[in-house]
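Here it is, the structure, as structure tokens.
Order of writing sets the labels: A, B, C, D and E. Residues in every chain begin at 1.
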Amino acid sequence: MTSLSLSARVTDRDVVVELEVAAGETLALLGPNGAGKSTVLALAAGLLRPDDGTVALDGRVLTDVRDGRTQTWVPAYDRHVATLSQEALLLPHLSVRANVEFGPRAQGRSRREARAVAQEWLDRVGVADLAERRPGSLSGGQAQRVAVARALAAEPALLLLDEPMAALDAAATPAVRETLRQVLAEVTCVMVTHDVLDAALLADRVAVVEGGRVVEQGATPDVLARPRSVFGARIAGLNLLRGTWRHDGGSGELVATTGERVHGQAEDLTPGTAAVAVFRPTAVSVYAHPVHGSPRNTFEVVVTSVEPNGDLVRIRAGHLAADVTAQAAAELGVRPGARVWFSVKATEVSLHAS
Amino acid sequence: AEGSTTLTVHAAASLRGPFEELVELFEEEHPDVTVRLNVAGSADLVAQVEEGAPADVVATADTATMERLAADGLVTDPTPFAANTLVIVVPRGNPADVAGLRDLAGDVDLVVCAPQVPCGAAAARVEEAAGVAFTPVSEEQSVTDVLGKVRAGEAEAGLVYVTDALSAGDHLEVIEFEEASEAVNVAPVAVASGSERPALARAFADLVTSPTGERVLTEAGFRRP
Amino acid sequence: MSASSPGRASSRPDSGLPRWVWLPAMLGALLLLLPLLAMTARVDWASFPALVTSDSARTALALSLRTSALSTLACLVLGVPLAVVLARGQFRGRSLLRSLVMVPLVLPPVVGGIALLAAFGRRGLLGETLEVAGIQVAFTTTAVVLAQTFVALPFLVISLEGALVTAGTRYEVAAAGLGARPSTVLRRVTLPLTWPALASGTLLAFARALGEFGATITFAGSLQGVTRTLPLEIYLQREVDPDAAVALSLVLVAVAIAVIALTRRTRSAL
Amino acid sequence: MSASSPGRASSRPDSGLPRWVWLPAMLGALLLLLPLLAMTARVDWASFPALVTSDSARTALALSLRTSALSTLACLVLGVPLAVVLARGQFRGRSLLRSLVMVPLVLPPVVGGIALLAAFGRRGLLGETLEVAGIQVAFTTTAVVLAQTFVALPFLVISLEGALVTAGTRYEVAAAGLGARPSTVLRRVTLPLTWPALASGTLLAFARALGEFGATITFAGSLQGVTRTLPLEIYLQREVDPDAAVALSLVLVAVAIAVIALTRRTRSAL
Amino acid sequence: MTSLSLSARVTDRDVVVELEVAAGETLALLGPNGAGKSTVLALAAGLLRPDDGTVALDGRVLTDVRDGRTQTWVPAYDRHVATLSQEALLLPHLSVRANVEFGPRAQGRSRREARAVAQEWLDRVGVADLAERRPGSLSGGQAQRVAVARALAAEPALLLLDEPMAALDAAATPAVRETLRQVLAEVTCVMVTHDVLDAALLADRVAVVEGGRVVEQGATPDVLARPRSVFGARIAGLNLLRGTWRHDGGSGELVATTGERVHGQAEDLTPGTAAVAVFRPTAVSVYAHPVHGSPRNTFEVVVTSVEPNGDLVRIRAGHLAADVTAQAAAELGVRPGARVWFSVKATEVSLHAS
């Protein structure tokens, strides 16, 4: 059930990509500056014509260029693809509210309906108090939040996000991220991000782009936990545990399919539903003996590999990894086959529904 | 008052003053008729009538232009009704001390009409008759442009129709000269062939050539043809 | 867009002007203003009211205003789509068309009149067709409107097209992504965004129509109350009463200034 | 700026055009093109070469090209600073000055000629001053250049000023923050950034100067080789040989189209 | 030795601020979207005229407006203030190299010198390979890096940074941050950031702006470690330890003035120089007994306070803090006066020169 399928070559940017996104799925594009991430979005949005390639959305061919000759070219307005880029691009002559109402109105919904939809999104993104302002009098971050509300109110068939949270303040980011997470569960989405946490929390799959090529792609846990690409390895290597959320008594825990019980910073999770726990290997402490202290999560594991990772040492134990300094690794004397305890604080673990 | 019948009269720009008066007289005599007066340079008039401008009566400033219409069969029976002669005009104060035609050949900023337009043709004839050679600083498109330059003091002398000189009033000094009679421009009036009210058109043309017409034209400086 | 443009005019960010530019700038302004000033100085103010309220002057002014309003309307109806097509359309020969459309801007108006006669005159290209249809164009008020539209249209097109190109398609593309059909984009995004240019283009077209002389006299003639607009009246008055001509010119300058000032007001209001 | 504008023309992002705009757009284009076409159809091609290469025609064309080039130069020297001052200067009366500077654009050229006479004529405001200085303007080629500059200058100013306003001061402010003095900003930032508008403004001014008729005949007169430019020659020819007039008009149209096409080329090259 | 002193009121944005920045100092502005951070920068750069207020740089009055009447107004070009905003604003008609050369050239340096300076900055920011490109063909992040190089090459008296790293990829951020850190040591700078780590690593002092007012300001360690403002508390509360960098044998350590020895992720530090260690309270594990494992840093401390912090519990022990879940706090039974061991992994500690 592929929703977006894109395969294109743009010669003068040295970009050759092939991507598929299933319906309702969110694909995160990671990669260094100039890798070609924005180029992929432009190709999907119909802002850039490839030298060769096709783009299809929900089975409908949007772009088809063969050997430089355009066979099919659906203009941007007919693609139902909304782009949210680093520039907010709010219509300067309309109020914030009218900007958010624009999508529903343009799609023929009544004034009343449009107003209701707009109000809902303004509330969810936390800018309802700015509704009557003109875009020109907003701060950078305020404008970006309104742009988020506007894109979501339009209910596009495909949502393209180009670093949508770069301009948000640190305190607002979690709220907006949570809003996006809820929305993205329903919509097909390609998201460019520089924040691996966004990828981990929002994306079902991740593609790493480097030098105009997709060097790696796969399910988010796989790519982030075991990146095979250079760039992936530099920024990712997260621990991800999938399982079911249980709530007995006090604080609830995730029971991983692999058996671990994980405590963490949970969002509103419903007991019994599927969930994922994410934490960085650098947050994992390694002990030669079991310890008791504040860390909620202690896993008894057998070391499968010890390998250098930058100036640290990555200790792998099955599907879990811990990064420690070379000194610590030496002192602990870990080697494959050793039994150790991995410990991670609940405050370092993010939990979310999957 | 807006009459039920409209008569369109084309007149050369230099005839505007007397023709406006004649139109008024005509409308008094024919209360049910409204006369529309189209005034433009003779060449424009000819072009417009050739292009099918609605026309009942046409009056040009010289016979040559009228002949172009007659040759195309667009007018019938051109009748001369007034004559116009050239005079020298100088700005008030006569800065170059022009006394007569001879002085124009000297070191004077003279403007005349270009030989292609009627008043320029007349000037050329005067030049020949008097046996002088003008060295104009400009050969203007129309009498108006000559008058404008002299009035503004830009030029020190100009050759224009006496009627134009009169209408310019006391902004100019007028100097008459003998050889003027060698270059009389005769203005003809004719009924347009395409007129839908030939009788009425004839009546207007007759008014122009009548003694009343002659009186009005003489007041404006024209002479009998 | 947003945070970078401070709100108050007094605080418009600027990088300063080199001192020396003021000299040629003021010379240029002087070259343009001195003639207008000198002309004003020539007016005989005692007789001014009488001159500009004469029957023929009032008729001419009324006709001028009426025809200019009509041709401005025609410019809007034809010019806005034309500008949009030139700026946004993708078709072969677009840049040739763009050049051709600008020609009347630089054509001596009398030549424009000749060309209009060649097209719409009785012996013109469309003359017979029109005549059969019982439509007489030349030498009617319609001809005045046609002549004015012919010379004024490029003003509107050039203003709007330039603004459309400069404004770019970013906002339009954003709106399209939100599901707006092309007509909606045009109505709710393109035109509002280029409103200042549209306003100034419209008013420039109006002013140009108001001042039109050469094409009118050649194509429409000079019939009082029918085709003799104010500039034609000025031209004719020059023959008999140059003072009246200057006085009337001043009226035209005043109307032109009023119109341009209005443009600027509208433009800066946005 | 950067990532949002795809590199190739064929991939210009667009939001589509409503179908209906094509009808009025094509009507508008027709209104502007039909007269030119009809005029071309009237030309007697057999005699065309003879007509346009007659001595008087060649002299007039040469004079026209020479004077237009000079007045375009004058427009650049005076108009660029004027546009910069109007767009960037902060002084009282700026918007009034901006309106006044546009007046010649909408003035019937004959009225412009009257005004020029009032200012620079022998009895004009500056007449005596100039005469004392031994400068004779009337009936010289200088007068032609002056008249052409008067009518063409606003074209350059309006093009450039509009582009300056649209371009905004963001880049200039960035440059100033890097320590660039105002002259440096003007030379290295402002003018390069508005180069397309400057080029098209310059060439519009050239074309307008080339077509200038009314102000020239009123202010400069008409003497072969000295002040009789091509448009004057056309007007004069019409009195005796309308065919020649049409043929010469066509030459003027051809030069105008060439100039405008050149503008477009230059503009799109950037 | 005040370099920048700014005090201004902008009525229609409801901003009333007063700030001082010493010569060579870097001030970080933190605060939620729409707080007035960009407004402060615009006031300093001469892009916005206050309704009332003064701006002085190195003793020279740049802006002086009293009761709406402008007494002094030095135009932007004469302020020697370079702004680096979210928009790169590279001159589109110049190559990347010419853009970076622009500042030195405009200041009258020779072509040769300008080229050398530009090359140096292009190298340091990592965009030397783009030198001959046009800005229009750069990706968002590439353009932003060039803008950094251009601003620094101009050697302004005051540098204003508005979220300069928002568009940088995650892998590039550390390098650019390090470059900025070196530069900022010499130049007076006001920096808007949403990343508390940037503030901690780059700024000498921090001001928190909320609702158009400076609600808190002070030395970075003080503000970040013990924020008194609501916004500060939500994003900061970092542990900061100042001390001297020592390097004996293997890996070096920071000897804090308060006695602790701290291991961490060190940049190039010279032994014997002053340094700061930064780590988040959520990274600190708390034990009732001493433990031995991978964590390099264990501090024996006496709890001074236990207070709720969001849905966590913050355990303070003198100048150190640890955030743990309520459950963990309950199990450990910590209360003021208790002796506990704070443990933090070296991988969670950033070390930098101060």
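Methods note: a contact is a pair of C-beta atoms (placed from the backbone, for glycine too) under 8 Å apart; a residue touches a chain by one contact, two chains touch by 3 or more.
Source: prediction; values computed, not measured.
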| item | value |
| --- | --- |
| Chain A to chain D, fewest steps along touching chains | 1 |
| Both-way neighbours, i.e. chains that touch chain E and touch chain B | C, D |
| Those chains which touch chain D and also touch chain C | A, B, E |
| Chains linked by the largest number of contacting C-beta pairs | C-D |
| Where chain A and chain C are represented by their mean Cα positions, the distance between them in whole Å | 54 |
| Euclidean distance of C-alpha centroids - chain A vs chain B, Å | 88 |
| Touching two or more other chains - residue numbers and ranges from chain B | 47, 148 |
| Residues of chain D touching at least two other chains | 3-5, 7, 13-16, 114, 118, 124, 170, 173, 175-176, 180-182, 185, 189, 235, 238 |
| Where chain E touches two or more other chains, by residue | 38, 45, 47, 75-78, 87, 138-140, 142 |
| Touch relationships between chains, expressed as pairs | A-C, A-D, A-E, B-C, B-D, C-D, C-E, D-E |
| Contacting residues of chain C [partner chain E, same complex] | 3-4, 6-8, 10-11, 13-16 |
| Residue ranges of chain A in contact with chain E within the complex | 30-35, 37-38, 86, 138-142, 144-145, 162-163, 166-173, 194-196, 231, 234-235, 250-251, 263, 265, 282-283, 285-289, 291-296, 312, 322-329, 332, 341, 343, 345-348 |
| Contacting residues of chain D [partner chain B, same complex] | 114, 117-118, 121-124, 127, 138-139, 217-218, 220-224, 227-228, 232, 235-240, 242 |
| Residue ranges of chain E touching chain C (in the complex, touch as defined) | 12-13, 38, 42, 45-49, 70, 75-78, 85, 87 |
| Complex contact set, residues of chain D against chain E | 1-3, 5, 7, 170-171, 173-182, 184-185, 188-189, 192-193, 195 |
